[in-house]
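Here come two complexes built around subunit A, the first alongside subunit B, the second alongside subunit C.
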Partner chain A sequence: MIAIGLEGSANKLGVGVISHPAPGKPAQVLSNIRHTFVTPPGEGFLPKDTAKHHRTWVVRLVKEAMTEAGVSINDIDCICYTKGPGMGAPLQSVAVAARMLSLLWQKELVGVNHCVGHIEMGREITGADNPVVLYVSGGNTQVIAYAEQRYRIFGEALDIAVGNCLDRFARTLEISNDPAPGYNIEQLAKKGRALLDLPYAVKGMDCSFSGILASIDILAAELKANPEQRDSITGEVITPADLCFSLQETVFAMLVEITERAMAHVGSNQVLIVGGVGCNERLQDMMGIMARDRGGSVFGMDERFAIDNGIMIAHAGLEAYKTGFTTPLEESTCTQRFRTDEVFVRWRD
Partner chain B sequence: MATQIDPEFSCSLTIDLPLPTARLASAALQALRVDKELSPLVSRSFSTISAPSSHDSGDSSPMGSSQEKILRTEYKATTNRMLRVAVNGFMESLSVVLGVMDELDVDILGVEDPKE
Partner chain C sequence: MEAQAIHPCAANSDERVLPSIFRHPSAAAPLLITQGAEALLYRSTYLLPSTPCALKYRPSKPYRHPILDARLTKHRILSEARVLVKCRREGVPVPAVYALDEAAGWLMIEWIEGEVVRIRLNEWLKRRKEEDIAEGVDDGELLELMTRVGSAVGRLHAIGVVHGDLTTSNLMLRPRSREVSNGDSETASKMLDGNVVLIDFGLASQSQADEDRAVDLYVLERAFGSTHPRAESLFVEVLREYGRSFKGANVVLKKLEDVRMRGRKRSMLG
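On to the complex of A and B.
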């Protein structure tokens, strides 16, 4: 069976075509096209502009995805789209396109939960059997474990997502958002040496990032006012690289802690990292150290599947469709809030 | 069809969009009406209508002229500003609808296997 998936909950617009050839056989990615709305340094992306970007590119991306996949409309079984969670206007702009395809091509619609899309793609690509999932992106930070046909949230960020914290600090430093602010923070952090003092805000199974963001913003302002400031321990001049390094080390250690807590609770030793922040090699390394200490392993993906994409929506949507799930046209709305555990995972035991 | 002036929603606008076929008009209507208007100060309704018959008999086929190929959108709002904002939003969604019709319909992409 073949599905096309459309994703646009944040600033990435993705269209993908996936094939599920037969039960037990691995899924085949027939095409996975993405276009990102990149804002100038120092700016974030606002819903209105992001929606405009998606409207401008969606027809072109669908066309490219179908051409690259080499499939015809007849071959498509269903049209999957991101129902939520995410930003309202961008989600709606993509949903309108999905509805039109459904009506003109006479195919059923499948509304997909964005978080479940990430998880299912991660499971498919890495082959991880039943891991604890760390879902970390600009919009979401959740520790998830599967139990009785739902993806249960064991812990999460209480205020802002970890990726949001990193992205907003990139704005403070006015570094480029191309290809992604988090990527550029990561590169800068590699040159950092001094571990500066930042709050560490793990609260049981949950964590909080807004206070850390406020603190690092204050440090950045102090550094800008006094560029000759030296670190009290190393004696070296503090650089923006040191700020990035300190921020990453702090927030990633927090993520490792709450992931480990969930692993201990659930009795699992596999970790699957999904979401855009999962591309970060330092996070993967730190998580790997913890997992190996517990006799386990970390599963991750490259940017094709870790960053928001259409193929994960097609994949999760097709899994649901095969169990008989469809979204009637009148119900093909979008919602900014859509909890991961609201989805009944009928396609797993 | 004159829009009744509603004292509550005194600012109104009717947009008639002619499309090539009734199928396209119906698809546009169904796709656009799913999302509710964001503001309670705006009310909106969609319908498809046929072209007003003003031709002499025998010129165009009765089948063609009685088909509902026009998408009629009626907007009513409490203020002109709300009306403008709502209609702008409609236009933006419409651009996606028209783009899909224009470049992704079955006769353009092809229903059959593209590989011979």
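On to the complex of A and C.
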């Protein structure tokens, strides 16, 4: 069976075509195309402009994806799109495109939960069977484990997402948003040496990032006013790289801690990291050390599948479609709020 | 602080170097009792062979930056000790603090004899099921236990401490006198006997907020519901006694209704 997936819940527009051969065989990625709306340094992406970007590019991307996959309209079984969660306007423009394709091609629609898309794609690509999932991106921070037909949220960020914290700090420093603000913070952090004191906000399996962002923003403002500041321990001049380093070390330690607590709670020793922040090599390293300590392992992904993409929507949608799930045209809405544990996971036992 | 013990070597695959207190000559090597995500709990006779104590060790986390790691370990050991000392001073039943070394990462506290409520309650429920006693019949003993739990939590909250992780695994039943707890002569009627002692203050904090107190009760209520569904109906007894335990407890119970309505989780944005 073959499905096409459309994703546009944030500033990436992704279209992918996936094929599920006979049961038990791995899924085949036929095409996976993405176009990112990049804003100038110091600016975030606004819903209105992002939606316009998606509207401008969606037809071109669908055509490209179909050509690259080498399939015809007749080969497609269903059209999968992101129902939520995400930003309203971008979600809507992609949902409209999906509805149009459905009417044009006479194919069934499948609305997909964005988070479940990440998890299912992660399991498929890495072969992790039943891992604790850390889903970290610009919009979401969740520790998830599967139990009885649902992906249950064990811990989550109580305010802003970890990726949002990193992105907004990139804006403070006016670092480039190309290819992604978080990527550029990661590169800068590699040159950092001094660990500055930041709040550490973990409560059980939940965490919070807005206080950390406020603190690091204050440190950045102080640095700008007085560039000659020295670290009290190393005696070296503090640089923006040190700020990025301190921010990463602190927030990633929090993420690894809540993940470890969830692993101890459910008795699992596999971790799967999904979402855009999951590309960060320092986070993957730290998680790897923790998992090895527990006699387990970590499954990470590269930017093709960790960052928002169409193929994950196609994959999760096709899993649901195979169990008989479809979204009728009149119900093919999208929603900004759509919790991971609302989805009934019929395709797993 | 449960009965069965795991040998430290068996559980620690990578043979960490333990702080010197663990290697000190003593009557017996420290026994690893439980291993959480954060800390290891040992039973040690470091002080005197006749006076066992509980050693809570927070090993350093190699994934964390050493400065951050030392800061967190120090902060957590000190705040746990402060809360325990405060409880002890105010007469809340908790283990006494004997010693600590926040740099080496350990806290030594009183060893509490007995078993956790989770185990005792499950045994009690199992035995009743085997004897085919219906729910609600002859459960005065359980009602009495619920009352003692409610009173203990109330006393904790009254002094401005919230536990942060109230479950039936963090409530101990300490035998009332040494002679009673003598092995197999224990009958079903005495199974739920004992003084309730609150343990594991790793997530505790000092707070007078009704919201925090209500969340504490909610977590306990959920723990009862998921671990002992057949005793859940009697949770109202815990709340009834709690309501009597300090001035302002009824406000907390009102708040608990709000917390129940929304659950622990917020509605997700984006």
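Assorted remarks:
One rule holds for everything that comes next: the second predicted complex is superposed on the first by the 349 of 349 C-alpha atoms of A that agree within 3 Å, B and C clash if a C-alpha of one lies under 4 Å from a C-alpha of the other, contacts with A are read in each partner's own complex, and residues count from 1 in each chain.
Please note the rule applied: a contact is a pair of C-beta atoms (placed from the backbone, for glycine too) under 8 Å apart; a residue touches a chain by one contact, two chains touch by 3 or more.
These numbers come from a predicted model, not from an experiment.
Taken together through their common subunit A, the two structures put subunit B and subunit C side by side without a clash.
Look at A:Ile233: by the touch rule set out above, it reaches subunit C but stays clear of subunit B.
Geometry note, superposition on chain A: angle between subunit B and subunit C about the Cα centre of subunit A is 130 degrees, to the nearest 10. When the shared chain is aligned, no partner comes close enough to touch A:Leu247: not subunit B, not subunit C.
Looking at the shared chain after the overlay, A:Trp105 reaches subunit B, while subunit C stays out of its contact range.
Look at A:Leu166: by the touch rule set out above, it reaches neither subunit B nor subunit C.
When the two complexes are overlaid on their common chain A, residue A:Ser93 makes contact with subunit B while staying clear of subunit C. By the touch criterion defined above, A:Val17 reaches neither subunit B nor subunit C.
For the overlaid pair of complexes, the smallest distance between C-alpha atoms of subunit B and those of subunit C rounds to 18 Å. Contact residues of subunit C toward subunit A in the complex are 13-14, 36-38, 61-65, 67-68, 71-72, 164-165, 203, 265-270.
Note for the complex: subunit A touches subunit C at residues 85-87, 139-140, 153, 156, 158, 161, 195, 197, 200, 203-204, 233, 249-250, 253, 256-257, 260-261, 263-265, 285-287, 289-290, 293, 295, 336-339.
Against subunit B, in their complex, subunit A makes its touches with residues 51-52, 55, 58-59, 62-63, 66-67, 70-75, 92-93, 95-97, 99-101, 103-105, 329-330, 332-334. Every residue of subunit B that touches subunit A in the complex is listed here, in rising order: 26-28, 30-32, 34-36, 92-93, 95-97, 99-106, 109-115.
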